[in-house]
Amino acid sequence: MMERNIETFIGCDSSYEEADIALFGAPFDSTTSFRPGARFGSSAIRHESVGLETYSPYQNQDLTDFHTFDCGDLELCFGSAEAALSDIEEKTAEILSDGKLPILVGGEHLVTLGAVRSVAKRYPNLHIIHLDAHADLRDDYLGTKLSHAAVMRRCHEILGDGRIHQFCIRSGERSEFEFAKAHTELYKFDLTGLSALTERLVKDGSPVYFTIDLDCLDPSVLPGTGTPEAGGIGFVQLLDAILSVSKTNIAGADLNELAPMLDASGASTAVACKILRELLLALHSNIKSGEDK
Amino acid sequence: MMERNIETFIGCDSSYEEADIALFGAPFDSTTSFRPGARFGSSAIRHESVGLETYSPYQNQDLTDFHTFDCGDLELCFGSAEAALSDIEEKTAEILSDGKLPILVGGEHLVTLGAVRSVAKRYPNLHIIHLDAHADLRDDYLGTKLSHAAVMRRCHEILGDGRIHQFCIRSGERSEFEFAKAHTELYKFDLTGLSALTERLVKDGSPVYFTIDLDCLDPSVLPGTGTPEAGGIGFVQLLDAILSVSKTNIAGADLNELAPMLDASGASTAVACKILRELLLALHSNIKSGEDK
Amino acid sequence: MMERNIETFIGCDSSYEEADIALFGAPFDSTTSFRPGARFGSSAIRHESVGLETYSPYQNQDLTDFHTFDCGDLELCFGSAEAALSDIEEKTAEILSDGKLPILVGGEHLVTLGAVRSVAKRYPNLHIIHLDAHADLRDDYLGTKLSHAAVMRRCHEILGDGRIHQFCIRSGERSEFEFAKAHTELYKFDLTGLSALTERLVKDGSPVYFTIDLDCLDPSVLPGTGTPEAGGIGFVQLLDAILSVSKTNIAGADLNELAPMLDASGASTAVACKILRELLLALHSNIKSGEDK
Amino acid sequence: MMERNIETFIGCDSSYEEADIALFGAPFDSTTSFRPGARFGSSAIRHESVGLETYSPYQNQDLTDFHTFDCGDLELCFGSAEAALSDIEEKTAEILSDGKLPILVGGEHLVTLGAVRSVAKRYPNLHIIHLDAHADLRDDYLGTKLSHAAVMRRCHEILGDGRIHQFCIRSGERSEFEFAKAHTELYKFDLTGLSALTERLVKDGSPVYFTIDLDCLDPSVLPGTGTPEAGGIGFVQLLDAILSVSKTNIAGADLNELAPMLDASGASTAVACKILRELLLALHSNIKSGEDK
Amino acid sequence: MMERNIETFIGCDSSYEEADIALFGAPFDSTTSFRPGARFGSSAIRHESVGLETYSPYQNQDLTDFHTFDCGDLELCFGSAEAALSDIEEKTAEILSDGKLPILVGGEHLVTLGAVRSVAKRYPNLHIIHLDAHADLRDDYLGTKLSHAAVMRRCHEILGDGRIHQFCIRSGERSEFEFAKAHTELYKFDLTGLSALTERLVKDGSPVYFTIDLDCLDPSVLPGTGTPEAGGIGFVQLLDAILSVSKTNIAGADLNELAPMLDASGASTAVACKILRELLLALHSNIKSGEDK
Amino acid sequence: MMERNIETFIGCDSSYEEADIALFGAPFDSTTSFRPGARFGSSAIRHESVGLETYSPYQNQDLTDFHTFDCGDLELCFGSAEAALSDIEEKTAEILSDGKLPILVGGEHLVTLGAVRSVAKRYPNLHIIHLDAHADLRDDYLGTKLSHAAVMRRCHEILGDGRIHQFCIRSGERSEFEFAKAHTELYKFDLTGLSALTERLVKDGSPVYFTIDLDCLDPSVLPGTGTPEAGGIGFVQLLDAILSVSKTNIAGADLNELAPMLDASGASTAVACKILRELLLALHSNIKSGEDK
């Protein structure tokens, strides 16, 4: 007997019941104002992951030793950001209520808002660790409140002051940096301040949502993104950040803004695949070390 | 004294006052469900038109003999189709009320709806001549009524039965073709029926909105479009259609769905430039022949 | 409960039991001597089929009205053509013995040999209808007998004289054309002779294996193939050929030599998707009309 | 003993002494006003010719049956059109004085002028058969007389009225078409008039220089050229033209304006390779039939 | 009333009168010997600057706080380097005589010579700070003196020994490095020596022409250039150099050798846009701090 | 008299007799399991080397001061790895027996096995220094022993324990790293340990085969490779490694896994060209310094 073709991120073919982590794609980029294409990010990461090993020599861990479920991409409505966000919110809520860790792969950065709505409902004292080239703190973009350029502003409306921690930021309007001074913790250019923060959050056990806009990486490492910004961090630095943040009490995470068609060499997608592998392994290790205690 | 850099479609540097035709771009592709990029269509056509001559050996006419104004691209809101359509509607109305012929360059096909709203307000007995690979007659797309795949259905709600004439259609759901049977005049695959139609419309003087989805062309001629559909018409056939339709009482027109980044050779953009030149020349000739009478 | 991500060619999500047609991919291009990349053909066709409708206005048929199964791609060994062919042969045999029609998507043209071995075992009086730019009749290629350039020669060794019918052929060594004169029925450049042939085969009910090398199409229509050859047929001509051949007693079929990365516009893949849809619909219609009798 | 790496167009590895035809490349595109890249044309054609057969099923001839020499590309000075033209003129003269037929592969169309200077010196009653999308009849381009857009005007200064026969022309300034009316024989859009012309030239035995700007082809067939112009001829039509023109008393020929980097699919280069093969075979056949008489 | 479409580099829409800095493009690459395309550099930088913010978090300055004028691209003659240089020289002279700082965006590096001629006429004691991968010190290139590979040699003829300061140089003929030893100050590979130099020049107030060949950057950061040379500097290092050099008495500056079509990801153009923004802000800050004194 | 077109890597046009080093290409990638294209590596490196200088400012050496022979690419059989390896083995043996140093340019990494077979026959105490992102230590890949992923395992079968020294390794199955612990010297991620090793090998004079898989470089530096792996070394680090390793008793060397079509910017090929130049210069210097003693 033959089965219909199943396609998952490499090493993520657990059933939903067994899984500790549930992965899903949110192929939405309808509010992207410059170069679109992030909608193809999640499926490219899944598709191209066959070029990757399940084993990480960085962490000496193997995805096949853990249980990860990949339910594929949501079918989201282009033309209605609110409808798309509702679908993401609902899927996240379902995964959370089943006691699994939700990992979202974008899509544009606005998709984070859908997930954060659900996670914040369950964990009102939620913190966000945000790696990005852009502050994403505009109040609106040409009149629309639901824009990738405003996503952290919307998250701030949910969580309030002092809960959003931003790193690698090197682009934004002057007013965004001023808003950040008053309401968020923003580190320009690099990861300065991250280890102090994670140490503190590990200690107090606060729930953390971890959102990685892949354009935090330098465009030399990841040119395949809508708005590449020179002056970013390298792969090894991002890997270190992931290992560090994953030790906190992660309640949800996402990876977004890969626009695979913009880098025909495939190198950007390959980098994104490896970052997802490392993120999954780090989160599984943390879950396991929690269970072992 | 130096002037700031002005960039217009080739041969379209008339002032607004003098112009008979006013050109504007609508760089919007927010509801595109498959491959985006039509947002770059209008600016690519303007930018690459320097590779074109102003003279057409097909019509033995030169753009420099006429007055065309190019006000550039509207700044449209990604993330709100309704806001974008309002802006297009308003711009079209302004041009119409100044007694000029509006020509819109998309963007995705949904932008047509903005222009048609304005033109139909002024000409309630408006007909639409629609060249496209796709019927665009869905009632909604994943719940949203304002979708490129539903644009002709929305136009039908404005104009009613028998006013929309569709040609070259070779893709759609079965239900769209059934809708067409009852409510529009739809010709599959090619331009069959077009000359009979234009003859009739020329005779009765009905106002006509002419919308050209560039994917009516075969993908061999224009691969640079979001959803290329094999089996389309050739350049010379489209040129003949333009010459024929331009003899009717044109009240507005558009050209849409060029996605220039999808064809890195630049040939698709070059084809679109030439089609716009021929369309402008044919419309100007018709205006002039009307004035001469 | 959530299901793991299933990905099939559009409209082909039947279970294996119910299906009349079973589709599988053979992502192998190890013997390609010029530009490789056909290995990505089957997965690109599956992946990009979301841009296609299930309904065909050409045949007025819809894939959702039939039962087609898609088991995805075989995992084939690069570096051993014989091992890859054995796997293809075995999979074909399994489908045939379950009473279903096997449709193979390549991969390079050599994969046809695996399928033909199985089909010819079951139907010793098999004919092959072969659409291709290349004769593929070399005895060997740099010493290897299992080469894409020799696949029809290998098929001839199985079936003997007068059983292979070749169309659209416009490239080959002089010796290949001489071999054809003696042993196959070869029509240069176009589809001349095809309707006479299918008429004859329909009449005598001979089993037919139908192999379509997509480079039979003109490179303007399908540039995304390893060895594009100017002077090919158009999409509508190929569609007509498919409708004609599908009326014979088809025992197996394949579509091969799409190299999607070579055409970054995606137009080649879109054409291949549509051809597969039309082939599936035509074969289903024929099966159904056989059952109805 | 090993030889240093020799690279020639496929089937053209005769020694200079034996050869009837001598091929050379002129990788120059310094005056190209729009998109450069024709400088890579000749080396791409040579390099990619390995994907081609030496045998033509169209002519039933094989390059290995003839003697063609390929001396590679000239090293031309970017920044001085006059120096480049002198080098081309000199190389052409050398080949002519050795009793061989010179075939030049461009490069931009200006390179033709270098060859025509030499050929016209030897054959003062020379005619030019010119296939091109562009009239190339400007008097100057931004002040420079040596421009690709003025090359036929320069040739006219050498040869005078009635000697230049232009086909497929579909782009130019109005004044160019007016110049043509008075001084050249210009057919718009297609090959109308060509067979009558060649018949006449065959009869009177006039020496003919045959220059093929590859943009005479439709951009669907050859998108890889600096200024693609919709509405061109197809491959088979060009092939027929080559077979027809080759029956005249050819004194020199060239193929130019392939810009291979503009068509990443490689299809444009493959078409150009095949056209060069067919041109070589047709010219060899004509030389041979002349010798046989 | 509507205005014709104006397109400027982001934040540079001052009128000419008000402006302190006047920007213009020199889209010329006619002497480029390897891969052309720098002609598209200036218009791509202008066009793609919409993806950039006007505010720099590096300098905490905003382009909207200053007055910059962008008059677009000169129309330069391909085929005559001398004519092109004259036009550049004249435009630079006009800007200088109006008391504004000229900033030139290339084009190939030869365009620098046009600007340097004008600036050196006004400031005979001019120094050049030259960031580049290539020494550009050849006496000629295949016989032509006006070549991108000889531009610093031509500048040396104007300015004499000890006035040209070269950094990041990692490619050239042996003889160029020998020439440099005798006549210029050349630092291989990186920015060693730059801060000492700028300190000295700030102190003595010498006028400085600052020319940045973008290939001083590593190809990982900027692959979109004609002759990428591994081993270059990073973005942050170049930014530091700009901040440092901008403190000297700048009399003119340029940015050149972006070939945008060579990097389809757009990342190279985005880097170039940001470098131009930072250069403009640094120069404006310096002008303002001069005025404030 | 004219010569047929000779094409060699820049500065490598010595005759075979005179040469100290003999270069040849092995355009084979038949076992590549992910993205093919390395077959085009050697010819792209040869072809694009015209953009490079023969002089190295890093080593202050010039290729024109040495004698290097380039015999071009072998014609290898796709579809039979064993046949291809035999041809490589034989060519290597011929060069060795003529007292020259063989340098092989791939092609996929499997080609190394052909060269190592020959070199190890002549130098049984051979060591291999292996720079690569991948361990290449699988016992087989889907059943085939001759796979690029197994090449170092095959070399280990020839040389035994302690002879293979691996650097920069950051990808592999867990079992490969375990195999390495027992049988090879493997350094993860970077060049740690290399200088200690070369010092030791210089001292004991052991013959060394030096194999460079270009994917040891970070994908930002060289995206044009089949399986890019984030986290690699930079160009200057690789250059240092080459200078260091070249001081040992080199008996053969190769450079492989450039897939030029995957990086359309050409930067990857340019990097590879420069690495080959530096490798050649370093090896020539070492040969010369040996002779001088």
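Letters A, B, C, D, E and F mark the chains as written, and numbering starts fresh at 1 in each.
By definition in this document, a residue touches a chain if its C-beta (ideal position, glycine included) is under 8 Å from a C-beta of that chain, and two chains touch if they have at least 3 such contacts.
A quick note: this is a predicted structure, and the numbers were derived from the prediction, not measured.
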Checklist entry - If we look at chain C and chain D, which chains touch each of them? => result B, F
Checklist outcome for this item: Relative to chain F, the most remote chain by C-alpha centroid is chain B
Checklist outcome for this item: Per the C-alpha centroid definition, the whole-Å distance linking chain C and chain F comes out as 40
Checklist entry - Taking each residue of chain C in turn, which ones touch at least two of the other chains? => result 218, 220, 263-264
Checklist entry - Which word fits how the chains touch one another: line, ring, star, complete or other? => result other
Checklist outcome for this item: Listed by label, touching pairs are A-B, A-C, A-E, A-F, B-C, B-D, B-E, C-D, C-F, D-E, D-F, E-F
Item to check | Touching residues (chain side chain B, partner chain D) in the complex | outcome: 50-55, 57-58, 62, 218, 220-221, 235-236, 239, 263-267, 270-271, 274-275
Next on the checklist: Looking at the complex, which residues from chain C come into contact with chain F?
Outcome noted: 29-33, 36-37, 39, 75-81, 83, 141-144, 146-147
Item to check | chain C to chain D touching residues, read off their complex | outcome: 34-35, 169-174, 177, 188-189, 218-220, 223-224, 227-231, 262-264, 268
Item to check | Sites on chain E touched by chain B in the complex | outcome: 1-8, 13, 15-17, 22, 43, 46-47, 69-73, 94, 264
